[in-house]
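In what follows, structures are represented as C-alpha cells.
Common to both upcoming complexes is chain A, partnered first by chain B, then by chain C.
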Partner chain A sequence: MASRDVVRYETPLSTAFKWLSAIFIAIYVVWTVLPIFIMFMSSFKDLLEAFKLPAVGDWGGIMVFFDFTPTTKHYYELFANLGFTTYLFNSLVAAGGSAVVSVVLGSLCAYSLSRIDFRGKSDLFFWIISTRMAPVVAVMVPLYWIFRELDLVGTLPGLILAYTTFNLPFAIWILKGFFDNVPYAIEEAQMVDGATRFQAFRAILPLVAPGIGAFIVLCILFAWNDYLFAAIIGSGGAKTLPAATRELVQPQNIQWGQIMAAGVVTTLPMMFLGLVIRKYLVTGLTMGAVKE
Partner chain B sequence: MAGKSSSSLELFRVRHIPDSVESRPVSMVAAEPKSVNPAASKRYYFLLMAPAILVLAFISIYPFFWMIYMSLHEVDIGKAEWNNFANFTRLLDDTRFLSGWWLLFQYSLMCLTLQLIIGVFLAVALNGSRFEKVLVTTLLMPMMMAPLVAGMVWYFLYNGTFGWYHWLLQSVGILGPKSLLASSSTAMIGIVLVDVWQWTPLITLITLAGLKRVPQDQLEANMVDGASPLRNFLSVTLPNLYPVLLIAIMLRFMDNFRFIDSALVLTGGGPGNATKILPIYLFEVSFKFFKLGRGAAIALILLIVTIILGMLLVRIFDRQQPSKV
Partner chain C sequence: MAKVSFRNVWKKYGTTPAVKDLNIECPDGSFLSILGPSGCGKSSTMRMVAGLEHITAGQILFDEKPINTLAPKDRDVAMVFENYALYPHKSVFENMANPLKLRGQDATVIKDRVMAAAKLLEISQLLERRPQELSGGQKQRVAIGRAIVREPNLFLFDEPIAHLDAKLRAHMRGEIKHLQRTLGTTMIYVTHDQLEAMSMADTIAVMHEGELQQLGTPREVYNKPVNAWVAGFVGEPAMNFVDVGLQDKDGKTYFIHPNFSIAVTDQQQHIIAAAARVNALRMGVRPDAMSISLVKPKHECITGKIFVTELLGGDMIIDVDLDDGSRIRVKTSTDFDGVEGQTCYMTVNRDKWHAFSKENGKALF
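Right after this comes the complex of A and B.
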C-alpha cells in the first residue's frame, strides 16, 4: 500500500475523478447484478406477473416488478414433470466425472513433466495447450463422427470423454505450475528414508492438495457450464442442465418461468463453488498466467 | 507505531521487491537431479505420463486426422466419398463463410474494445477502495453463469414486449419499439453486450492483479516531482499493466472463437445473416444440415487459424514467465 508520508494534493480534478468513479462503480454493479436478480425473481413469478412492464417512460412504474405473489410451481414443475432430476444427475456425473478423470491423469502427467527434461518437451507442451484452445465447435465435428461409430453419442461416458478434451489439457498445464513449486528435495528425503518413488509422490500430494482441489472445482465449472457438447454429443440419453434448459424454448410456447427456474438451478451451485475457490479463480481463468 | 522515529525508519524499508530479484534458496529446484539413475527415472516418469497422453491423443490427434479425412470427402451417414477438394473449393465463393470471418472479427474487436475500456477503468476505480473485496466478489457472479443461461436471461431482457432492458432503452429514448435483436443493424450490439456483461469482470480482475504490482515508490517519486495523477497513470501505471493486459486480450480473443453458446440462443446468427459469426455458421453447416464433410473443411481452417493465434499466445506467456515451460 502507498505510504502516507507523501502529501497528496486534493485538486478539484482528483475529487471529480473520485466521484466519477464512485458513480461508475455504482452503475456497473447495478448492470451486473440486475439480470441475475431479475432471473431469480422471475423464477418465483407466475407467467403473467413476469410479463408485467410499466408503460414506456413511466419510471415510477418500476415498482410493478415487486408486485407479485411468490410461487415455487416452476421449480416443482421442473423436477416433478420435466425430468430435471435426471438432467441434474447427468450434469453432476458428466462434470464431476470429467473433472476427476482430468485431474487424476493430469496431476500424474504434470508431476512427471515438472520432474524431468527430455527432447521435444516444449513441443509436447504446445500440443497440450493447443488442444485446450481449439474451438469447441471445430473439435466436435470429427469427435461426433468418431463417437457415433463407437456408440458413445448420447451416453454419459461419451460426454465425460468430450469434456476431457478441454479439462485434461487445462489440468496438466495448470498443475505443472504447482508441482514446479515443490522442491525435489522433499521426495529425495522421503526416498532416503526408504520410500519408493510412488510413495514419495504421494507424500508431496498434501502440499499441492489445495490447488488440486481448487482445479477439480474449476474443471467441474467448465464442464457444467458447457452447452455445445451437451447439445450434440449428449443429445438423447445424456442431456445436462444447460441442454435441457435450451429445450424449454418451444417455437410457439416459451415457458419463461420454467426457464428462469432452470437457470437458477444451473447457476446457483456454480456461484457457490466460485466463492469457495475465489483465491484460485484468477489463476485458473487465465491459465496460470496471472496470479493475484 | 507512534512518533517521528518510526516514520523516518520507514524511509529505509524496501517497499517493493521486483519479481525478478526475489531470490530462492538453491534447494528449490523441482527437476530431478541428473545424478539419479537417468534411464530408470525416465521410464518411471514416462509411465506416469502415459495415461494422460494416450487419452489426450485419442481425443485430439485421432480426431484431427479424421477431420482431415472428412474434409476431403463427401460425408454422409455411414459413408464417405472422395470429392476432389470440393469442400474447400466451394468455400471460396461461399459468401456466408467469408462474411463469417468478417463478422467474427468485428464481434471480437467490439467485445475486446468495450471490455478493455470498461474493465481497466473499473479496476482503477476499484483499486484500494474500501469495498474492493465485496465489489469484486459481486462482479464475479456473471462469470460463474453458464453462457447459455446468460444468453437466455438476456434474451428475456431484450424481448420487445416484456423485456426490462428493452423497456429501459425505450424509456431513455435510444430504441424504438423494435427489439435490439430483431433488427439486423443492432443485433450484433445485442450479442456483444452480453459478452461484455459476462466477461468484463475478468479483465477487471486481471487488471487489479496487475495494479498490485505497479511500483508504488515510483508513483510517489513522480508525485513529489509534481506529476499529475493522470500523467502518473499514463507513464507509470499503464506500462506496468501492459503485460497482464496482453494476456487478458489474448485470452478473451481466443474465447470469442471458442464459445458461441450465448450468441446461439440470442440470435442464432440472425436476423438474416447479420450475426452469423464463423463458429455459428460452422455449427449450422455441421449439426443443422449435417454436411459433415463441408463442416470439417471449415473446422480445419478455423482450427489452424486458432492454433496460429495460440502459438502467439504461448509465446507471450513464455516471455511473461521464463521459468514456465
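Right after this comes the complex of A and C.
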C-alpha cells in the first residue's frame, strides 16, 4: 500500500483545520450512530416509555431516555406470532443464494473477459456495465411481467434471480479488475505443470479471493437491504425482512416497538458481518483498483 | 526424453512475424541454446514448444510426432519462465510439488522428489517460505526445482539466470549444465548472453530478427560465423570490422587499407577468386587474433595510433585508431607499455581473420 508518514508543520491554518475536522467528525458520528442507538433502545421499551421525551431545551431531562424497564415482548411478538422466523430465513436464502450464484457466474465471465481476446469484447463489457445505468424502477414493470409469466413471482428462486440480475454486472466489473491483476504467467506455469485450463483457473482463485470476498459482502448487502424487489417480486410467498417490516405500518396502528425490533433484527447481522470481514473488505476493494 | 524438431516454423502476432521459417533439429539428450538479442523471437519460439502460443505455420515434432495441436499438459515439458512465475500464495514446497500433485502422485513420492530436488539446488532450508520472502537467486532456484521434480520430455529454460548478479550467474551456469548432464534430459535454453550459450550448450542456434542465422557447436559459431552479424554478436570483446579493398599483385591477393596492405593465404585467395566480381570486402578480426607491438615488425602489419588502453585484470585491451576513422580493439598481455597517442603495429593471425561480403554480410571465410 502506498501510504506513508507525511512531514507536517504547525501553522495557524492547520490548527484551525484540525479543530474543524474534529468537530465535523463528532457531528458525523452522532448523525450516523444516534439513530441506530435510538432504534436499539426503543426496541426494548414499552410503547409509552418510548415516547417519553424531555421538554425542548431541558438537557438535564435527557436521562428520561434511559429510564425504562427493559422488555423483550416486541421480539417475542415478531418471532412467535408474526412469522419473522420465516422472513429471516427468506432474507438469508435470497441474499446468500444470489451472492453464490452471482459469484460463480461472475467469476467465470470476468475470467473470460480478462483472459480471452475476441471481437467486440469492449462493447460486450460496456453493455454489461450499462445494464446497471438504468434505475431499477425503470425496469421493474417489464421485469414483473416476465417473472409473472414464468411463475416466479412470490418465490425464493424468483427473488434470487432478480437479485442476481442486478448483482451480476457488478460482480463481473469488480472481479475482472482482480483477474486483470493476476499475471497470466501463473496460469501458464500451471498449464505447463500439467493443469487443464479449468484447473489453472481454479488455481488462481485464491489470488482473487479478496475480490470475491469483497464482492460477496456487497452482494449480500444489496439483497439484504433491498425493499423494492422484495415488495414486488417477492410479495406473498417470499417475503423478506424489509418487506415484512413495512407491513407493520398499518393505517390505524403503527407498531413502533415491533418496527424498532425488526430494525434491530435486520441491522445486526449485517453489522456483525461488517465487523468480521472489515479488514478483508478494505484490502479487497482497494487491491483490485490499483495496479502496482 | 525426446528429440525436438522445428520444421519451417513461423510465428506471427497479427501480421508482424516474430519467428520466420525456423528449422532446427535438437537430438535427444542434447543441450540446445537459442541465442539472440532482445526481441529476436527467442521466447516466442520457446512458448510455441510449450504450447502457450499457437504455431502460425510449420510443425514442431517430439520424436517425429507433431505436437502442434497438443495442450500444454499433454506435451509433458517443464519450463522455467523468464520471470519465474512462482505461485505467490503457495510455499516453496507446494510450488515444487505442484507438477507432481497435478499428475496424481502419492504424497510420499511427492515429498521424496521435492526433498531430493531441493537438496540438489541447496534450498532445503527454504521449503516453508513463500516466494515473496525469497531473494532473486532463490526464486530462480525454486523455479528450476519446479521443473526438475519430474522427468519431462524436455526442459525449457527461458533466460533463467539473466536477473542474477555476475558471480551467482557464473555459479549457476555450471550448476545448470551439470544438472542437464546428470539427468540427461533434452534442454532448450534461451539466452541473450553469448557467454552463457558458449559455455553451456552442445549446439547454439543464433537468432536475429526472427531468423535463424546459424546453427552449430559453440566452436563453429565462434570460429566460423556464417555472417558478419553472428561474428559481431558472438565473442567478447566483439570482433573488429574494417572495410578493405582488394588488389592483385605478383599473383597474390592483398587486402588494401590506408593503414595496411596484407596478402591473404592461398586458400583464402581461392575463395575470393571463386566469388564473382568482388573488389571490396569487410574484414573481421577478433581482438585476440592479433598481436600488438611498439616496434615495427619485418612482416606485413597494421599501423595505427593508440587511442586508449584498458586494464582488465590479467589482460589488456588496446583501442587503436586507424586513418579511415575506424577503431579496432586488440587484446594483449599486461606487459604492453604503450601510451595514448603512440604509434603501434599489429600483426594479424591470418588463419583467424574473416572476410564478409559488403552487400549481404555473408562470410567468405
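To be clear about the criterion, the second predicted complex is superposed on the first by the 261 of 292 C-alpha atoms of A that agree within 3 Å, B and C clash if a C-alpha of one lies under 4 Å from a C-alpha of the other, contacts with A are read in each partner's own complex, and residues count from 1 in each chain.
What we mean here is this: contacts are C-beta pairs under 8 Å (C-beta built on N, C-alpha and C of every residue); 3 or more make two chains touch, one makes a residue touch a chain.
None of these values were measured; they are calculated from a predicted model.
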First, second, both or neither for A:Val136, with chain B first and chain C second: first
Which of chain B and chain C A:Thr267 touches, first, second, both or neither: first
Which superposed partner A:Gln190 touches (first chain B, second chain C, both, neither): second
Partner chain(s) touched by A:Leu156 [first = chain B, second = chain C, both, neither]: neither
Contacts of A:Trp256 with chain B and chain C, given as first, second, both or neither: first
Chain A residues touched by each partner, larger count belonging to chain B or chain C: B
Touched partner set for A:Val93, first chain B, second chain C, both or neither: neither
Chain B versus chain C as contact partner of A:Leu108, first or second or both or neither: first
Touched partner set for A:Ile172, first chain B, second chain C, both or neither: first
Shared contact residues on chain A - chain B and chain C: 183, 185, 197
Contacting residues of chain B [partner chain A, same complex]: 7, 10-11, 15, 27-33, 41-42, 44-46, 48-49, 51-53, 55-56, 59-60, 62-64, 66-67, 70, 75, 118, 121-122, 124-126, 128-129, 135, 137-150, 152-154, 156-157, 161-165, 167, 170-171, 197, 201-202, 205-206, 208-210, 212, 216, 219-220, 223-224, 228-230, 244, 247-248, 251, 254, 257-261, 264-265, 279, 282-283, 286-287, 292, 295-296, 298-300, 302-303, 306-307, 309-311, 313-314, 317, 320-321, 323-325
In the complex, chain A residues that touch chain B: 1-3, 5-6, 8, 11, 13-14, 17, 21-22, 24-25, 28-29, 31-36, 38-39, 42, 50-54, 56-59, 65, 101, 105-106, 108-109, 111-118, 122, 124-131, 133-146, 161-162, 164-165, 168-169, 172, 176-177, 179-185, 197, 201, 221, 224-228, 232, 241-242, 245-246, 249, 256, 259-260, 262-263, 266-267, 270-271, 273-275, 278, 281-282, 285-292
Complex contacts: residues of chain C adjacent to chain A: 50-52, 71-73, 76-79, 81, 83, 85-89, 98-99, 102-103, 146
Sites on chain A touched by chain C in the complex: 183, 185-186, 188-197, 199, 203, 206-207
